[in-house]
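Below you will find the structure I want to go over with you.
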Amino acid sequence: MSMLPEIIIILFAFLIIALDLIFLDKAKNYLVPVTVVGILAACAVLIFNNSDTLMLGGRFVSGAMHLWLKVTFLIATLLVVILVPESTSENLKNRLSSVGEFLTILLFTLAGMMYLVSCQDLVTLYVSLELATIPLMVLSSWNRDDQGGEGAIKYLVIGALASAFLLYGFGLIYALSGELSIPAIMPQLTEGSPALYLAAALITAGIGFKLTLFPFHMWAPDAYQGAPILVTAYLSGASKAAGLVVALQIFYRLFGHFIVDWAPFVAVLATLTMTLGNVVAVLQENLKRFMAFSAISQAGYIILGFLGNTGADISAMIFYMLVYVFTNLAVFTVLIVHVQQTGKETIQSLRGMSRLNPGLALILMIGLFGLAGIPPLAGFIGKFFLFNVAAKSGYYWLVVLAVLNSTVSLYYYLRLVRQMYIEVPAEGDKPLKIKPLTMLGLGFVTVGMLGLGLIPYFYEQIGRDAAQWLAF
Amino acid sequence: MGLLSWLIFIPFFTALAVILTPQPKQIKWVALIGSGIHLLLTAYTAIKLWGVISQETFTADVFAKLYFTEQYDWFKSLGIQYMLGVDGMSMAMVILTSIIIFTGVLASWHVTERPKEFFALLLVLVTGVFGVFLSFDLFLFFMFYEVAVLPMYLLIGVWGTGPKEYSAMKLTLMLMVGSAFILVGLFALYHTSGQGTGVYSFNLNTLASFEYPKSMQAWVFPMIFIGFGILGALYPFHTWSPDGHASAPTAVSMLHAGVLMKLGGYGALRIAVYLLPDGAKEWALFFMGLTTINILYGSFGAIKQKDLKYFTAYSSVSHCGIVLFGVATLNFMGVKGAVLQMFSHGVMTGLFFALIGMVYGRTHTRMIPEMGGLAKVMPWLAVCFYVAGMASLGLPGFSGFIAESHVFIGGFFGNAWNSSVAMQVMTVLATMSIVVTAVYVLRGLGKVFLGPITDSHYLSLTDAGFTEKLTTGILIAVLFLVGVFPQFLIKLIEGSVLPILNRLR
Amino acid sequence: MSLWLSENGLFYFLTLVSTFFAVLCVNTRLILRAAVYLMAVLFFVAGIYLRLGLEFLAGIQVLVYVGGIVVVLVFAVMLTHSHAVKEEKPDITRKIIGLLTAGLFFLGSWWAIAQTPALTSVSAELMPLTTDIKTIGRALLDFGASGYVLPFELVSLLLLAVLIGGVVIARKDVG
Amino acid sequence: MNLYHFIIFSLFLFSVGIYGVLTRRSAVGILIAIELMLNAGAINLAVFNRYLAPDKVDGQIMALFVMAVAAAEVLVGMAILIMLFRRKKSVDIGQLDILRH
Amino acid sequence: MHDMIAYAWLIPAFPFISFLLIGLGVRLYSQKLAGIIATLSIGASFACALTLAITYFGLAPDAEGLRPTLVPWSFIWVDYMEGLRVNLGILVDPISVLLMVVVTTVSLLVHLYSMGYMKGETGYGRYFTWLNLFTFSMLGLVVAPNIIQTYVFWELVGASSFLLIGYYYERGAAVAASKKAFIVTRFADLGFLLGIILLGYVGYPLYQGSGVEGQLFDYTYLTNPQNITALVGTGFLGISLLLIYMGAAGKSAMFPLHIWLPDAMEGPTPVSALIHAATMVVAGVYLVARLFPLFSTTPDVLEFVSYVGLFTCAFAAIIACTQDDIKRVLAFSTLSQLGYMMFALGLASMDQPLGYVASMFHLFTHAFFKALLFLGAGAIIHAVHSNDIWHMGGLKKLMPVTHLTFLIAVLAISGIWPFAGFFSKDEILLAALQGGKNIHFIGGLLVAGLTAFYMARIYFLSFWGSPRSKGSSHAHEAPLIMLIPLCVLAVLSLVGGWVPFSDYVTIGLTEHQGGHGSSIVPILGSLVAILGLGFSWFVYGRGESARSDAIAAKWGMVFGWIKNKFYMDEVYQFITHQMIFRFVATPIAWFDRNVVDGAVNLTGWLTRRASSIFTLIQTGQAQTYGVWFVVGTGVTLIMLWFTKG
C-alpha cells in the first residue's frame, strides 16, 4: 500500500479538525505536536517501505524518485509546523489565530503536493495542483488585515488566470493526443504542430506562475509580503518545490523529447528570472519582500537544470531543491522568530543581532551564505552541479551570467550580515527567546545544510533514482 | 586523516577550540599554540619532502609528481575526489602561510574587541588557504578557494578601520567575480576533456592528460588567468587591494597581502599555464605587458601615498605584478622566480603590515606627514622597517633580490614562442621598478622614521614589546635565510616547475 | 432560412447568443447584471452540451455552475454592496490595454490552431455516442486503469479545505 | 458545426474572460470573468471528447472536475472579498496597491 | 705559507662576524666594548690581508710575468639554470690582493681614528656596526670571483654607505643626502644589472656549447682569451660593457652621476675618509679593471671611459677651487683624482697596459693621502667645530702634528717629488703620452696644476695667517688616538710612491721607466705642481683675504656658476620632483583613485540604478500583473515557435 503516507496525512488532518472541534481551547497546545507526529509517521512509512508500486491501475505510482520529492515536501511542512508555536504565544503582536484550521489546511495542501508527485494523468495532476495552490490563497490572508487581503487577491487573480491557462493547455494536449494519462500521451505527441506549441506556452505560463518564473512571477512579492511570515516560508519552500514537480512531470514526461529544442527558451527564461530576482532584491527593505525576490532568483537557478535532458540534470535540480528547502527554511526560521517577537519586518531591524543572540545570527548567516552559494555549504555544491548541467550543454555565457548573478546575490545577502554583525544593536532590543522545538528544528536544518553537501550519498542516490525515474 | 589533511584542518580545529575557550585572555594563547603546532608539522613535512625531492630528478616528466597523496572518492558520478597532494611549489606556499599565520596571531596580540570571532575567522580563512595549496582536485581547489575569500568580509567589516564596509564589500565582490571566471574555466576544462576522453574527472593530472583544442584554449586561458589575476592584483583589477588593505586590521592584511594574493599567482600557474599550454603561449605577451604596467604603476603610485597602509598596498600591487610577470615569461627561470617572489613577497608584506600595525598601535595615525623621527623612540621597529624596506627594493642578502633577479633574467632570456625583443623591452621596463621602489621606500621611511621628531608627545612612545620582537624577528630571519641560503627553496621549487615548462614544449 | 432550421442551425444560434451575452457580461458597469448575463451564457452552453448529446454534462453544468457558482457570485455581490454602487468609469488606457492583450491572445491562438491540421480537418458530422451516464458514473468511481476515483477524492478535499478556510477568513472577528 | 468552430467559440469565450479579468474595476467582476474562462476550458474538453474520442468519457469527467475547481475558486474569492470589504468598504481592485516596488 | 691563501676567506669573515656580534648583542650593553671589538676584527683581517699579500706576491710569477688567479674557496649560492650557477667565494689575484690590503689598512686606521672622533656620540655602537658592515661588504666586493657576487656586494656597499651617510639621522640634510646617494647609485646599479643580464643572455648560447668547466659569470671564464673572442662575435658586447660601465660610473661618481658625492659629506668625517676617499668610490675603477680584458676588446667604450674620466677630472678640479667647506673641497678633489684613474684605464689596452698599471698605482697611493687629508680635516673640524675654511686660520702653531701630516698629504696629492702622488700621477701622464693621447696628457697636466692650487689654498687658509674665528683661536691638538692614524698615513703617503708597483700589479709585460718621454714627464709634472703651489701662496699665502675677494669679484658670474657646482643639483632636483613626481606619480595616484576605482564603483552604481528601475515593474496593480502574464505567454509561444529549430 504505497499510498499510505498520503492517507496518514489526510487522516491526521481530520484528526486535528476533530480535536479542535471537540476539545476547543483545551487542545490548543496539543495540536502542533500531533501534526508533527503525523508528518513524522508519514515520513517513516515513506522511507522504510519504499518499493516501486503501481496502484489504482496505474493512476498512482510511487518509486524511489518520488520518495525524494515527497520527503522534500514533508520536511518543508514539518519545519513550518514546528514554527507555529513561535507565532501563537500570547505576548506576540500579530498572533496567528485559529491554529486548528490553519494546520488542517496545511496538511491538505501537503497531501495535494504528494499526490502531485505520484499522479499519472492530467486530471489528477490538475486537481492536486489546485489542491496545492488554492488553500494557500486562503492561508495568505490568514492575518485578515489589509496587506493580507491584498496579497491574497493578487495571488487569486493571477492564480486563477494561471489555472485557466493550464486547463486550456491540457485541453489542447487532450485534443492532439486523445489521451489523458501521461504515459499514453507522450507517444502520441510526435510532430510539433503550432497547436502543440500553443499548449506548451499555456502550460509554461501555468508552471511559471507556480515556480515564479520571470513574466509570471509578479504576484509573488506582494503575496509573500501580505501573507503571515509563516505562510511566506511555506510558499517559498514547499510551494516552489511543487512547482518544480509539475515542471518535471510536464517537461520531461509530457513533452519528453521536445525539451531538447526548448533549451534556448529555457536559457533566456532562466537569465531573465535570475537577473530580475537578484537585481531587484538589491534595494528591498522589507524582509518578506526581500525573501520573495531571493526565492524568484533561486527559481531562475533551478530551471538551469532543464537545459540538459539526462538523468544527471534532473538529479541536479532535485538535489538543489532539497538543499534550497533546507537553506531557505533555515533563514526563515530565524526571520520568523525575529519578526514575530519584534514585530518589525525591515532589514534594519536585524541590527546588532550577533551581539544579542549570537547563535541565531550565526545560523542566519550560514543560511544566507548557503543561498548565495558559498562553500562548504550544500548551496554551493547544489549550484555547482546546476551550473555543470548548463556548461555541459554548452551554455558557457549563461554560466558566467549565473555566477555573476550569485555574486550580486552575495551582495544583498551580505547586507543582512552587515546589519547583524557590523551594526550596533539599537537600545531597547532584547534577546529573542526560542522554544525548544524551534531549537530542534534549527539544529536539524543546520546539519542538513552542511551534511547534504559534504556527504555524497544524497546526490549520488538521487542521481541513480532520477535515471531510473526517467525510464518510467 | 593523513598528514596533509592534518595540515589543512589543524587551523580549523584550533578555530573550534578558540570558540570553546571560556575566558577571552586564553583565546590568543590557544590560537598561538594551534598555529605553533601547525608550524612544527609544516617543518616536519618540509624536511620529509626535501628528503624525497633531493634524490629525484625531474628533467623529463610532464605531469606534476605529487607526494604523500590522499585520494578518496567524493562525488563518484561526477568524477570528484577528495584528492590531496604536495609538491615543491605547494610546500613552499604552505611554509609561507604557516609562518604568516603564526606571526599574524602574534601581531594581533592586542585585539580586544570580540577576540573569539576574530581568531576563529582568521583560522578558518587560513584553512581555506591551506586547502587550496594542498588540493589537486579542481572542485576541492575551488571550494577551498571560496572558503578562503569569504571570512575577509567579516574580518574587515567588523574589525577594520576607515570606510570598512565599503572596502570589505568591494573586496569580497571583486574576488567573487574573479572566482566566477575561474568557475567557468573549470567547467570548460571539465567538459572538453570529458567529451574528449569520455572520462569525466576534476583531477588535475587527468585533466592535464587531455590535449585541449587550440580554439578552446584561446578563450579559456585568459578567463582563468584573469580570474586568478583579480586576486593576484592584475593591473586593471587591483583596485580592491589598496582599500581592502587600508581598512583591514593588521593580521588580516598580513594574511591577505601575504598569502591570499599569492593564491592568484599560484592558481594562474598551477591551473592556467599547466593545463592550457597553447593558450599560455598565445596570451603570454599580452599578460606580460599588463603586468609590466602593473609593476611600474604600483611603484609609481606608492610614491605619493599619504597613508602608510596605502603605501604598502601599492607596493604589494607592484610586487604581485612581478609574480604574474614571472608567470607570463613562460621561461624556466621566470616561472621559478615567480614562485620565489610569491614566497619572499609574502614574508616581506607580512613584515611590513605587522610593523605598520605596531606603529599604528602606538601613534594611532597612519598618515606619513603626521609622523617623523620615530627612530629615536622606537629603534627596533625602525631597524625592522629598514630591513623590510631594503628587502622589498631587492637588496641582495634578502630573498627579494633572489626572486627579482630570477624573474628579470628569465624575462630577458625569453621563451621560444614569443618575440624576444618585445620581452626584453618589457623586462627592461620592469627592472626599472627597482629604482622607483628604492625611491618610494626611502621617501616613506625617511619621512616616518628619520628627521627631527615632529610631535612632542611621540617622545613618550615605547619600543617593541616581546611578542612584537618575536614576530619581526621570525620574519626577518626567514627573509635573511632565504636571501643567503636560497638553495633549499630553489631546489624545492624546481621539481614542481619543470613539468609545467616541459608541457609547454 | 434553411440555415436556421437545418441541423447545425441550433448550434450557430446557441454559440452566437452565448458570445453576445459573454461580451455584455464583461462590459456592463452593474455587477448584478453581469452575474445575470453570466448565468445566461452558462445556460446556453448547457444547451450546446445537450445538442452534442452530453446530457449528464449539461445537467451538471446547470446544477453546479448556474445553481451553485452564480448564486455564490450573487451572494458576493450582495455582501460587498456592489449592487448598490455603480462601478466608476474605468480609465480608457486600462480598457485599451485589456482589449489589445485579449485580442492579440485570441488572434495568436487562432493562428496556432488554424495551422494544425489535426484540429481543423475533423469531419463535421457527429459519430453516434456509445457512452452514456452509466459509463461516466462507472469511470468516475472505477479503481481500475481508466478510473478517476483519485481526483474525485482530491476534489472533495479541495472543497472541504476551501470551505474551512473561507469560513475562517470571512467570519466576523471572533478572535 | 464542426470541431474547428467549437474551438474558436471556446477560444473567443476564453479571450473575453481574459479581457474581463484585465479590465473590470470590481473584484467580483474579475471573479465572474474567471468563471467564464474556466467554463471555456470545460467546453473545450467536452467538445474534444465528443468529436475525437466518442467512445471514451475522459474529457467529460475532466470537465466535471473543472467545474468543481471553479466552484472552489469562487468560494475563496468570495471569502477574501468579504473580508476585504469589511475592512476597506470597497472592492475596487485599482485601489488595492499598497504592496508595490 | 700556502695555507694562508686557503684561509683567505677569513679576511671578509672577521668583519662580518663582528658586525653580527656587535649589531645584535654587544652595542646594547656597552658602547665602548663594541668599538674595541670592531677595531680588533678589522685589525685581524688586516693582518690576514698582509700575510696573504706577502705569500701571494712571494709566489714566482709565471712565464710572461703574470701572477696566478686562484679561487681558493667558494660555495654554491644560487642555481638559476644548469649553466647559470652563481657561487660566493674568494678570488685572489694581483688587484684583488692590492685592494684587500688598501681597504683593510685604511679601514683599520679609520676605526682607530673614529674611536677618538666619535667619543661621546649617542649612536657610538651603531656607528661601528655599520662601519664593520661596510668593510665586510667592501671586502666581499673586492674578492668576488664572479660578476653576480660583485653586484651583490656592490648593492650592500651602497646600502651601508646609505646608512653611514645618514648616521646623524636627526639632521634633515643628512637624511636627504643619504637618500640621494642611495637612489643615484641605485639608478646606476640598474644599468649594471641590465649589463650583467645582457652579457649573460649573449654569452649563454656560446657557453652552453663550449662545455667549459666553471660558470658563465665567473671572471676566470670572462677574462680568458678564446671566450672573449667568441663574445666579441655577438656584437652586443659593447652595449653590455657600456651598461656595466654606467654602474661603475655611478659608484665612482663620474660626471653625470657625481652629484651624490659632495652631499655625502654630511656623514661623519671618518666615514667620508673611509668610504668617499679610499674604498667605495674606487669600486667603479676596480670593476673596470677587473673586466679590463673584456673592455680592451671594445676600444670605443674605452675611449668613452677615458673622455668621461678626463672631463670629470677637469670639471671637479675647477669646482674644488671655489668651495668654502673643507670637506666639499676634498670631495671634489676625490672626484678629480677618480677622473684621473678612470681616464688612465681608458688609455690602456692589452698590449699597452701602462695606463692600467698607472691607474692601479694611483688608486693605491691616492687611498692613503686622500684618507690622510680627510682625517686631518676631521681633526681640524673637531677642533674648530666648523667646516668653513674662512673660520679657520693660524692652526700651524696650535695643531703642529696635524699641520705636519696635512702638509705631507698636500704635497703628495700635488705630485711633489718624494711623495707618493708624484710617482703615480707621473705614470698616468706617461701612459697618456705613450698612448699618443695628447689631449689627455695636456688636460692631466693642467689638472695637476689646479690640484696643487686648491690643495694649497685650503692648506694656507686653514694653517697659515691669523685665526679668523673664536673656534680656531683656541683650537687644540687632536687626542693621541686620532694622531696615530694620521702619522701612519703620512708615512705611507711618503713611502707609497717608492713601491716597485709594476712588477706586482700588471696585466701584461711592461717596461717600466722605459719608453720615450719617460724623463721629461716628471719634470713637467713637478714644474706645474710648483707653479700651482706658488700661485696659491701668492693669492692666499699671506693671510689677508683681500686678494681672493678681488679675484672673486672680477670673475663674478662665472665664479658664481662654478661655486654652485654648475647648478647640477638643481637640475636633478627639477627632473625628479617636478618632472617625475608631479607629472607621473601624482597623476597615477589620481588615475588609480578616480578612473580605475571609479569603474568599479560605477558597476555598483549601475546595479543599484537598474534595481530602482526594475522595481517599478511591480506596480502593485493586480491587473497589470495579469497583462504581464498574458503577454508573457504570447512571447513564450513566439519564442518556442522560433527556437523550434
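As written, the chain order gives the labels A, B, C, D and E, with residue 1 at the start of each chain.
Here is the rule we use: a residue touches a chain if its C-beta (ideal position, glycine included) is under 8 Å from a C-beta of that chain, and two chains touch if they have at least 3 such contacts.
Everything numeric here is computed off the predicted structure, so don't read it as measured data.
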Request  = Please identify each chain that touches subunit A as well as subunit E.
outcome  = B, C, D
Remark   = Greatest Cα-centre separation from subunit D belongs to chain E
Ask   = Which chain, with its centre taken as the mean C-alpha position, is closest to the global C-alpha centre?
value = B
Message = Which two chains have the greatest number of C-beta pairs in contact?
response = C-D
Message = Using Cα averages as centroids, what's the distance between subunit C and subunit D in whole Å?
response = 7
Query = How many angstrom lie between the CA centroids of subunit C and subunit E, rounded to a whole number?
reply = 104
Inquiry  = Using Cα averages as centroids, what's the distance between subunit D and subunit E in whole Å?
reply    = 98
Ask   = Per the centroid of Cα atoms for each chain, what is the distance between subunit A and subunit D, given in Å?
value = 26
Sites on subunit A at which at least two other chains make contact = 123, 126-127, 130, 134, 138, 141, 144, 153-154, 157, 161, 172, 175, 194, 197-198, 221-222, 411
Touching two or more other chains - residue numbers and ranges from subunit B = 173
Task = Quick one: which residues in subunit C touch 2 or more of the other chains?
result = 94, 97-98, 101-102, 105, 108-109, 112-113, 119, 146, 148, 151, 155, 158, 162, 165-167, 169
Key: Touching pairs among all chains present in the structure   = A-B, A-C, A-D, A-E, B-E, C-D, C-E, D-E
Query = Considering the complex alone, what residue numbers of subunit E touch subunit D?
reply = 615-616, 618-623, 626-627, 630
Query = Which subunit E residues qualify as touching subunit C in the complex?
reply = 623, 627, 630-631, 633-634, 637
Query = Which bits of subunit E are touching subunit A when the two form their complex?
reply = 607-608, 610-612, 614-615, 617-618, 620, 622-626, 628-637, 639-641, 643-645
Key: Complex contacts: residues of subunit C adjacent to subunit E   = 94, 97-98, 101-102, 104-105, 108, 112
Task = In the complex, go through subunit B and note every residue touching subunit A.
result = 73-78, 139, 142-144, 146-147, 150, 153-154, 157-158, 164-165, 169, 172-173, 176-177, 179-181, 183-184, 187-188, 190-191
